Structures are given as structure tokens and as C-alpha cells.
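First chain A sits with chain B, and in the next complex the same chain sits with chain C.
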Partner chain A sequence: MYEKAKDLAEAYVARRLSRRAFIDRMAKLGIGAAAARWALSEATTRALAADYDWQKHKGKTVTLLLNKHPYTDAMIADLDSFKKLTGMDVKYDVFPEDVYFDKVTAALSSRSTQYDAFMTGAYQTWQYGPAGWLVDMNEYIGQAAPNYNWNDVLPNLRASTAWSGVPGAPLGGAGAKQWALPWGFELNSVSYNKRVFDKLGMTPPENLPDMKDKAAKITKDVDGMYGIGVRGSRSWATIHPGYLSGFTNYGAHDFEMVDGKLKAAMNSAAGKQFTELWVAMIKQSGPRNWSTYTWYEVGNDLGAGASGMIFDADILGYFMNGGTKEAGNIAYSAFAAKPGAKQPTPNVWIWSLAMNNFSKQKEAAWYWMQWATSQEHDLFGARKMDFVNPVRQSVWDDETFRDRIAKSYPGYLEQYEASAPGSKIYFTPQPLFFNLTTEWAASLQKMVADEVPVDEGLDQLAESVNRQLASAGLR
Partner chain B sequence: MTTQDMTQASVLPARRRGGRLRAALPYLLSLPSLLVTIGILIPFGTAVYYSLQRYNLAFPFTRGFIGLDNYAQFLADPAFWNTVRVSLLYTLLTVGVELLLGLAMALLLQRRTAVNNLLSVLLILPLMTAPAIAALMWKLMTNPNFGVLSYLVGLAGFTDFRWASAPSTALLTVVLVDVWVYTPFMMILLLAGLRSLPRQPFEAAELDGVPASFVFFRITLPMLTPYIITASLFRMLDAIQQFDIIYAMTQGGPGDRLMVFQVQAYLEAFTFTNIGRSAAFLMVLWAITFALSNLFIKQWLKLRERTHHAAG
Partner chain C sequence: MQRSSWPWRIFKALCLTAISLFFLFPILWVLLMSFQTNADILRVPPSPFFTPTLANYKALIAGELTGAGSTLQIAYMKNILNSFVLSACSVLLSLLLGVPAAYAFARYRFRLGENIAFTLLSFRFAPPLLVLLPLLLYFQELGLYDTYIGLIWVYQLITLPLILWIVRGYFEDVSPDIEHAYRIDGHSWLRSFLKIAVPLARPGIAAAALLAFIFAWNNFVFALILGSSDVQPVTVGALAFITASGIQYGQIAAGLVLSVIPTFVLALVMQRYLVEGLSLGAVKG
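Let's look at the complex of A and B:
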């Protein structure tokens, strides 16, 4: 009986058996859910351990710096597998996102050896990488366990976390260093309250002018609800989700290369046309205290039934569809801002794992990073926890994961599949990223508050950015 | 050599040693304070040193001495002058309102009654709240969807009052939070001052039937002035270095409406990794704080001198 269960679990882990077949055959053997889970866990550990000395750093402890996030929760829930596999221990500090990156910057800039690895976004690596704080992961990926399969990680994500350090050079281009390993990611799309949309006889918005009109209708017709939730705080995080996704869809860019040098281009005609509509939409149908809105407020309002829709990370809509007042009412739709656009162009946010260049035990840290980005852990998170969106194609193809999402989050997979082809990081990589985007957010706030007209605001922003580029020797 | 000679020979170096020790004693006693001063000056000196450098952590190879360039850039930067203006305005408003309210509360609580004693304890509760927590509390209370204060101002007819989100009311909102947190501080100091004033002038005025306003402006206020200056100095030092309330509520926005020195320096250091510019901002803040403190202390010394002359 035990041997048969073991064989079945191994076949399932090796993808020779579908989930349904695995469950059926376990049931026929009279094996209960708990025993099946145990057999599965054992088989996963054996699969990982094959042909690789996972016990090489047995007895060592790696220390991690983590952001409070469902990805972190999924990793912590599966940590015993790692400990069992490697004989290593893991310590970690978890900080909320508001202060997380300040903590990372403080730790890295002081050349602290306290943390061996940490969570980061791709944009942050444009600052941390050239500063010499990160390890180029290319040298480790080449020594990965045979079943690691780096090519299984979605190509856009691999490229988006690799950069040569040359301002304006394409991500993943020639000479790019792999500054981080993608762990989970977000595409920007529309999550909307289907109950309200049905009541008003509306379909999801098709483009920005349509979104603006529908948001206005919600604000006007639904008591206690505003139309559209988007971020507005004075932070880089306001620019990268919905705003840049739509901005790009209108054909606008943050920079252009002129004689091999960067030149601010956000004040192009396309950029101004999009921003005019965006600002008008917020003024008309956004939250009244928009200028303080972060990811948390945008999501919470959707879940609490205070907003009709959001144009933000798809996973934010996913999380709001469980355990909230509007749970079960949230639906998803891919979104191309420009009328007649070929496809959506979501700017991507990638939670990634990076290695501290000052770590005293880099190889041990790599063992943890390798496990945390492995197919096995990714599958565990996707099937059993809220590890959306997984970064591996094999996990997106996994029947169990797809069934679960399709059943509990109708429309999510369709949204993902429509959004994914046009998705990538649309910012130009350059080390002044945070200066630029923070100032951009402040400019948007001024435009929404009618302190400056949109075209003038974008011109002033471009002028200021060019000045800063020149001062930093980038122009 | 006689025994006496030998004794003298052994005593003399001992005396000399004792003399040297006595001479060195003042220096030895001041050594701890010297060490503390050095401990304070090292970070200060480091900040001065960084402020004279091009030092951005994202551009490690461009680091170098640039003299006063960071400061010179400020002079031509409207954002810098906005920061100066906002910081001074915030300081003036918070210290002014807190002084008036703190004084009024202290006068009301001056008499030692059971109710006043209880109220004195209750009124200092906001002071025990961390300013960042107070800011988050106020952020919730002013939320237009469910905030109790938004509801109340809505009842008063201000249905679209946007608190910290609107440029026109952002400063008012953060000043309100500061006033809520720190007015009890003013109140405590001024109440202590009021209760320690000599009774005779007040008793004499009462016997002579002097009007209360005259007593307040001619007796209470002049005698309380040293306490007012001290309390205002403490608050001024704190207010001009405001960070937590503003950062927690608006991060310096909307736009640049609340961009005070500490928030700007924090962003420069932790978000933009520009250590040189951040240090220069902090040095300017130090200079302004130093100048204002000097002004207050000079006033206080003048007042003390005048009091001594009057007493003499």
C-alpha cells in the first residue's frame, strides 16, 4: 500500500499523472487526504533532492528580509520542506511595505551582513545593482540543481530582472546581469464589482474614455460608491500600475534616446492626451482623498464596496475576492486604455529575490533562493496558498492550479491570458527611477488639485527630470 | 644621609605627584563631558563632510568633494525655498496655536481642585500617543468614506471637505494633529509655571480690586514669560524638525504642499539614495534651528537680566 501511494505521488510530481487521476487512484487504494498530502510532500522532497547535494550547507542558517505579502506567507508555510531538504535553518524579518524598502536601503547601504537574501522589485535593482549591493545571479543559475529549469520562468520576467547598468539599455539586453530571480508578479488590469455593473447594465470598460464614463455613472447612480480606484500617494508606486500601463498604451514613453543620451519624453502629445483623460477621470469619479491612496486603500475600497472598479494589479482584485464584504462579486477584465489599441500593455511589477553582496554565506543563500523559486515551491504556493501570479509557465499550465482559479475566481485566467502577451516593464531602466517617479506622482497631485494644467505640469516635469539627468551626468 | 633627609626625599615626589593630580583633576572631571561632546560632534562632522560631497549611493564612482555646490543648487531651486517656507509656516502655526491653547488650559486648571487634577491627567493622554500613531488615527478619522470627523463636518454643511488630501486644507489638517498631540506639553509647562508664581502680587491686586484683565496682562503674563519662552523653544525645536505626522499622513503632498525639511531629507537619503543632498538639507535645517534657538535664548537672557535689575 505504502509503495503504491509513493509511486502514485512520484508520478504526480513528475507530471505523468493528472490531479484527478492521482486523487481517484489514491481513493481506490483507500488512502485519505492527510496520508495523500504526506505522500505528496515526501515525493516532492525526493524529486528536489535527486542528483544534487542539497545537504551541502547542513547546519547553516540563512537570514532573510521580507515584505509582508501573500508570497511571503506561502513561503513560510512551506519552509519546513526546505529545512527537511537541506538541513538548514531560516530566520527572517518581515516588514510592511510602507517601510520595507527603506529598511532594505538602510541594510544594503550600510554594507550590513545581517541579511543574506531579500525581496525586491525589479525597479529597485536599478539602484541597488549599479551601487554594488547585489550579486549577479547568472553565476549561480549555471550551478543550479538539474531540475531547476530556469527557462521555465516566463521569458519577460527573466529579462525584466536583468540589466547591464547602462542607463537606457534594454532590460535583458547585451551584458545584462541577472540582479534578481522573479518570484511572483502583477499585471495591471481592471477588477470590477460585477454586482454593481450588472445592476447598472454595464459591461467592463473597453478603453479609457469608456472607463471615465462608466466610472462617472457609478459615482452618480450608486449611493456611497465612487467609480474608479487608482493610486494617488506621493510615491513612485502611484505611477507604475494603472497610470503607466495606460500611458504606454497611448503610445507615450518616459524617455527617448537622443544622441545616445536619455531625454525626458513624458510630455509628448500622446502622454498629454492620456494624462488629461486620467486626471479628469480622477477628478470626476476617483476617491475624494485620492492623493493619499496606496495599494491598500485602492484594494480595500473595492473589497468593501466603496468603489465600483479599480485599474491596478490583477492580484489586488484577486485578494479582494475573498474575506471581504464584496467577496464573490469581483470580476476581472484585461484593459487597453487607447481606443482601437491592438492589445493591453500592462506594466509589470515583479516581486523578486535578490542576494546581498555583503552576505558571508552566499552559496547557502543561493540554496534558499533556488528552492524558493523552484517549480516545486511555486506549485505548492499556487495550488495551496495565494501565490498568484506564479512566475513559471509549468505552473500556469498546471491543471490543479487552473481548476482552482477558474472555479473560485471566474474570469481571472482569461484576464491574465489577454493581458500577458503585451506585458513587460515599460519604464526605461536608469538609476534615477525613484526621483523621476516620485516627482511624477507629485505632479499628478498638482494636476488633480488644479494647481497646474496637465500640459504645463508635464512640461515642467520633463524639464526638471532633464536637469536631474544632467546633474547626475546621464545627459 | 640622615633619616630625616631620607623621609624628605621620599615625601617630595609623592607631594609632587599629589600636586600634579590636583592640577589635572579639573581636566579629569571634565573628561566624560568631553567624550560626550566628541560623540555628538562626530555624527555632526560627518554630516557636514557628506554635505560637501557629490555622494549618491546609486553612483558610487561619481563620489567626490564638490565644496558648497549642494548648497548653491538649493539657492536656485524653487522646491528648496518652498521647503523653507512650509517648515517655517508649520512651526509658526503649531507653536502659536499650541501656546495660546496651552496657556488657556493652564489658566483654567490653575486652581488645585479634584476636577482640575483629574482633567490635567486626562488632557495629557494625547502626549503619550506616538505622533505617527496619532497621524494614522487622524487619517482614519478624516477618511471621507467612514471617518467620524468627515461625518461631523458633513453635518455642518462641508460635504466635500478633503482634509489632508486637498492642497487648501492639508496644512490645516496636519497642524490640527500636531496641536492635538502637543498642546498638553505646553499646558504642563505653563501650569507648572503658573503654580510656582509668588502669590503676593496676586493677593495685593485682589485686595486693591484690580480688574482681572489687568492682572493677567500686567502681572501673570510678564511673570510667566520665562516659562512661555522655554516651552515655545522646546516646541519650536521639535516643530521645525517635524517628520512623523506629515510623512504618515501625506508623505509631503499633495504636490509639495507639506514638504518640510525632514521629509525632504528622508526622501533624498532613503528613496533617492542621495546622501550628499540629504546631508545638505539637514545642515540648512540645523542652521535655521540654531538661529531661532539663539533668538529665543537671547530673549530669555535679556528678560532674566531685566528681572535681576528690577529685583536689585
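Let's look at the complex of A and C:
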């Protein structure tokens, strides 16, 4: 009986058996859910251990700095399998995002050896990597366990976390260093309140003019609800979700390269056309105190039924479909802002894992990073926890994961599949990213507050950005 | 004395009630929020009517926070204990060092005395961010990172100048003649300090200690950068309720109510000294 259960679990982990078939056969053997889970965990550990000395750093302890996030929760829930696989121990500090990067920056800039590995966003690596604080992961990826399968990680995400350090050079281009390993990511699309859309006889918006009209209709026709939730605080985080995704879809860019130097390009005709519509939409149907809106307010309003739709991270809509007033009413739709555009162009945020260059046990840290980004752990998180969006194609193809998402989050998979091909980081990598993007957000605030017309505002912004690039020697 | 008319008294009572409600409303609202679920709190429009729940307090005390789709471990009660240990020990150490120093500054004139006193005061107005990175480097070298001792030491930047400068004012208010008379009776300097000066300045010392405790309790940035989860106080721990999958407003409110209790109790106990002490310190005799 034990051997049969073991074989079945191994077949399932090796994907030779579907989940349904696995459950059926386990049931026929009279094996309960708890025993089946145990057999699965054993089989997963054995699959990982094949042909690789996972016990090389047995007895060592790696220390991690982590952000409070469902990805972290999934990792902690699965940590015993890592300890069992390697004989290593893991210590971690978890901080919420509001202060997390202060902690990371303080640790790295003081060359602290305290943390061996940590979570980071791809944008942050543009500062940390060239400063010499991170390890180029290319040297370790080449020594990974045989079943690590780095190429299974979505190519746009691999490229988006690699950069040569030359301002303006393309992400993942020649000479790029892999500053981080993608762990989980979010792309930007529309999450909307299906109950309200059905009541008004509306379909999800198809492009920005359509979104503007539908948002206006919701604001006008539904009591106590405004049309569209987007971020507006004076922060780089206002630019990177819906705004940059739509901006790119209109054919606009943040910078262009002129004679090998960066030049601000946000005031192009396409950029002005998009921003004009965007600002008008917010003024007409955005939240009343839009200029204070961050991830939290945008999400809360959708979940509480205060907004009809959001153009933000798909996983924000995912989280709002549970434990909120509108749980079960949230639906998802891919979104290409420009009428007639070939495909959506969502900018992405990638939570990634990076290695501290000052760590005194880099290889041990790599063992943890390798495990945390492995297909086995990704599958665990995606099937049983909220480890969305997974970064591996094999996980997106996994029947169990797809069943779970299709059942509880109708339309999410379709939204993802339509959005994914065009999803990547659309910002031009350069070291002044945070300052310049925050100024961009401040400029948007002025436009929404009617302090400056859109075209003039973007011209002033481009002029100021060029000045700062010049004084930093980048122009 | 002329008695005021009843319409005037009613008007005064109404005004007082309105002002009290205005100032107490945020506290009352937080208290109400702590008994609501997140869905109730985020209702549009907000409503003061709801079915009360103790779930937020239970989650904090049990250390398990059930959010959208998963259960998170939290250590909020440990954070409160950490805050208490850090604040209480910091104030005690500052009293031990600061009260004799305040006495010396008040009673004696010595070389560079005012410069030293001013340097200590400057710790209060120097921005913490200015010193944090160098401190972090030193703390890591000395093994003080993520320790109670390290944080209590750095909290002296907050509590010591406060105690020193407030208590100095009280010692200056007390006439030295009583101490002189006591010394003429053959008592030592130390006895006159302990038996005469300290008891006379007790209201001021109590007020300064309470203020220093509140300032230490409210500190955020030192503990964030110089400590990790083992020594995190409540100000840093409270951020655990802000996650990517949403803000747990109910638990934040319950956490706030719980975290106010120690300071509130301390303030109640020392209220008499606080009012007396503050008013004495404000008027130099």
C-alpha cells in the first residue's frame, strides 16, 4: 500500500498523472487526504533531491529579509520541506512594504552581513546592482540542480530582472547581469464589479475612451459609487501600474536615446494624447481624493463596492475577491488602452529574490533561493496558497492551479493569457528612476488639479527631467 | 458672586459637550472599529451601527491573523511587551543618569557646563536619520544590533535630554537654602541630594519620567533600523496589519487600543504629578 501511494505521488509530481487521476487512485487505495498530502510532500522532496547534493550546507542557517506578502506566507508555509531537503535552517525578518525598502537600503548601504538574501522589486535593483550590493545570479544559475529549469521562468520576467547597468540599455540586453530571480509578479489589467456592470448592461471597457465613458456612466448612474479607481499619490508607484501600461499602449515612451544619451520623451504627441484622456477620466470619474490614492485605497474601494472598476495590478483584483463586501462579484479583463491596438502592454511589478553581496555564505543562500524559485515550491504556493502570479510557465500549465483559479476567480486565466505576451517592464532603466518617476506623479497631480494644462505640464516635466539627467551626467 | 443664568449654563454645557465630542471622536471611532469586521469598517457610507465582534482582539491575543485566503502568524503581544521593556528600562536608566546630572547643572557652575547641557539637548533636535546609518555600522561591529541593550542605549537619545532638562528646571526652582541648612547639620552632600533635593523635585521627576516614557514608547525609526523581529516594539509591529492583500483595519484599531493601555494606566497613576509638575516647571520662582 505504502509503495503504491509513493509511486502515485511520484507520478503526480513528475506530471505523468493528473490531479483528478491522482485523487481517484488514492481514494481507491483507501488513502485519506492527510496521508496523500504526506506522500506528496515526500515525493516532492525526493524529486528535488535527485542528482544534486542538497545536503552540502547541512547545519548552516541562512537569514532572510522579507516583505509582508502572500508570497512570503507561502514560502514560510512550505519551509519545512526546504529544511528537510537541505538540513539547513532559515531565519527571517518580515517587514511591511511601507518600511521594507528603508530596511533593505539601510542593510545594504551599511554593507551589513546580517541578511544573506532578500526580496526586492526589479526597479530597486537598478540602484542596488550597479552600487555593488547584489550578486550577479548568472554565476549561480549555471550551477543549479538539473531539474531547476531556469528557462521555464517567463522570458520577459527573466529579461526584466537583468540589466547591464548602462543607463538606457535594454533590460536583458547584451552584458546584462541577472540581479535577481523573479519570484512572483503582477501585471496591470482591469478588475471590475461584474454585478454593477451587469446591472448597467455594460461589458468591460475595450480601450481608454471606452473606459472613460463607462466610468462616467457608473459615476452618474450608481449611487455612492465612482467609475474608475487608479493610484494618484505623489509616488513612483502612481506611474507604474495603469498609467504606464496605457501610456506604452499609445506608443509613448519615458525616454529615448539620442547620441547614446538619455532624453526625456514623456511629452511626445502620443504621450500627450494619452495623458489628456487619462487626466480627463480621473477628473470626471475618479475618486474624490485621488491624489492620496495608493495600492490600498484603490483595492479597498473595489472590494467595498465604492468603485466600479480599477486599472491596476491583476492580483489586487484577485485579493479583493475574497473577504470583502463585493467578494465573488469581481471579474477581470485584459486591457489595451489604444483603440485598435494589437495587444495589451501591461507594465509589470516583479517581486524577486536577490543575494546580498556582503553575505558570508553565498552558496548556502543560493540553495535557499534555488529552492524558493523552484518549480516544486512555485507549484505548492500556486495550488495551495495565494502565490499569484507564478513566474513559471509550467505552473500556469498546471491543471490543479488552473482549476483552482477558474473556479474561484472566473475570467482571471483568460485575462492573464491575453495580457501575458505583452507584459514586461516598460520603464527605461536608469539610476534616477525613483526621483524622476515621483516627479512625474507630482506633475500628474498638478494636471488633475487644473494647475497646469496637460501638454504644458508634460513639457515642463520633460524639461526638468532633462536638467536632472544632465546634472547627473546622464545627458 | 453673581450666579449665571440657566440658559447660559445650558449653552456652556452644550459647548463643552460639543468640544469634548470633537476631540474624543477619533478615539471613540477607533474603539468602535476595534469591534468591527473589515467589511463593516469599509462600508460605504460608514455607519456606527454594527454587530460587535471580539475577533480582532482574539486574533491579536492568539497571535493568528486570518486574512484573505491565508492565516498569518503575528507577535503583537510580544511587541507590546518589547515596547514596555524598552521604554521602562530606557526611562529608568535615564533617571539614574539624568537626575544627578540635572542636579549638578542646576546647583553648580563648572567649566563647559552649559556646553555639555546644550550638547545633550541637541540630541533631541538632531534628525534620527542623520545618525542611523553610522549607528547601524557601529551596532553591527559591537554586536548590539537587534538587542534590547542596544536599543535601550540608543533610546537614551530620546529620554535622557528630556529628563535632564525638565528636572534641571525643578531643581532650580527649589531653594538651595533648605539643602544648606541640612548640610550644616552635618549631613553629607549625597544625603542632602537624596533626602532633600530629590523628594522636593519629585513631581517634576515623575512628570519628566512619564513624558520620556511616552516619547520612548512612540519611537519608530530606531527600532525599525537597529532591530529585527526579536526586539520590535509595538510601533513597528503594528505595521504587520498592512499587507499586499489588504489592510486589516479592525486589527489595527484593536492593536491601537491595546497599545494605549499601558501608557494610559501609567498616565492615570501619575496624573497628579504630571499636572502639578508641568505647572511648577512652567513658572520659575
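Operating definition for what follows: the second predicted complex is superposed on the first by the 475 of 475 C-alpha atoms of A that agree within 3 Å, B and C clash if a C-alpha of one lies under 4 Å from a C-alpha of the other, contacts with A are read in each partner's own complex, and residues count from 1 in each chain.
To be clear about the criterion, a residue touches a chain if its C-beta (ideal position, glycine included) is under 8 Å from a C-beta of that chain, and two chains touch if they have at least 3 such contacts.
Everything numeric here is computed off the predicted structure, so don't read it as measured data.
Contacts of A:A306 after superposition on the shared chain: both chain B and chain C are touched.
Looking at the shared chain after the overlay, A:A442 reaches chain B, while chain C stays out of its contact range. Touch criterion met: A:A131 reaches chain B, while chain C stays clear of it. In the superposition on chain A, A:S109 makes contact with both chain B and chain C.
Within the superposed three-chain model, A:R234 lies in touch with chain B and out of touch with chain C [touch as defined at top]. By the document's definition of touching, of the two partners only chain C reaches A:G322; chain B does not.
By the touch criterion stated above, A:F95 is placed in contact with chain C alone, chain B being left untouched. When the two structures are aligned on the shared chain, A:A470 is found in touch with neither chain B nor chain C.
Using the contact criterion defined above for the overlaid structures, shared-chain residue A:W290 touches chain B, although it does not reach chain C.
Touching of chain A by both chain B and chain C, each in its own complex, is seen for residues 102, 106, 109, 224, 304, 306. Partner chain B is touched in their complex by these residues of chain A: 101-102, 105-106, 109, 126-127, 130-132, 224, 233-236, 287-292, 301, 304, 306, 431-432, 434-435, 438, 441-443, 445-446, 448-449, 451, 471-473.
Per the touch definition, chain C reaches chain A in the complex via residues 38-39, 42-45, 67-70, 72-73, 132-133, 136-137, 140, 145, 224-225, 228-229, 236, 239-240, 242-247. Contact residues on chain A toward chain C in their complex (touch as defined above): 68-70, 73-74, 76-77, 93-99, 102-103, 106, 109-110, 112-114, 224-225, 295-296, 299-300, 303-306, 315, 319-320, 322-325, 385-386. Residues 56-60, 62, 73, 139, 142-145, 160, 162-167, 249-256, 267, 270-273 of chain B touch chain A in their complex.
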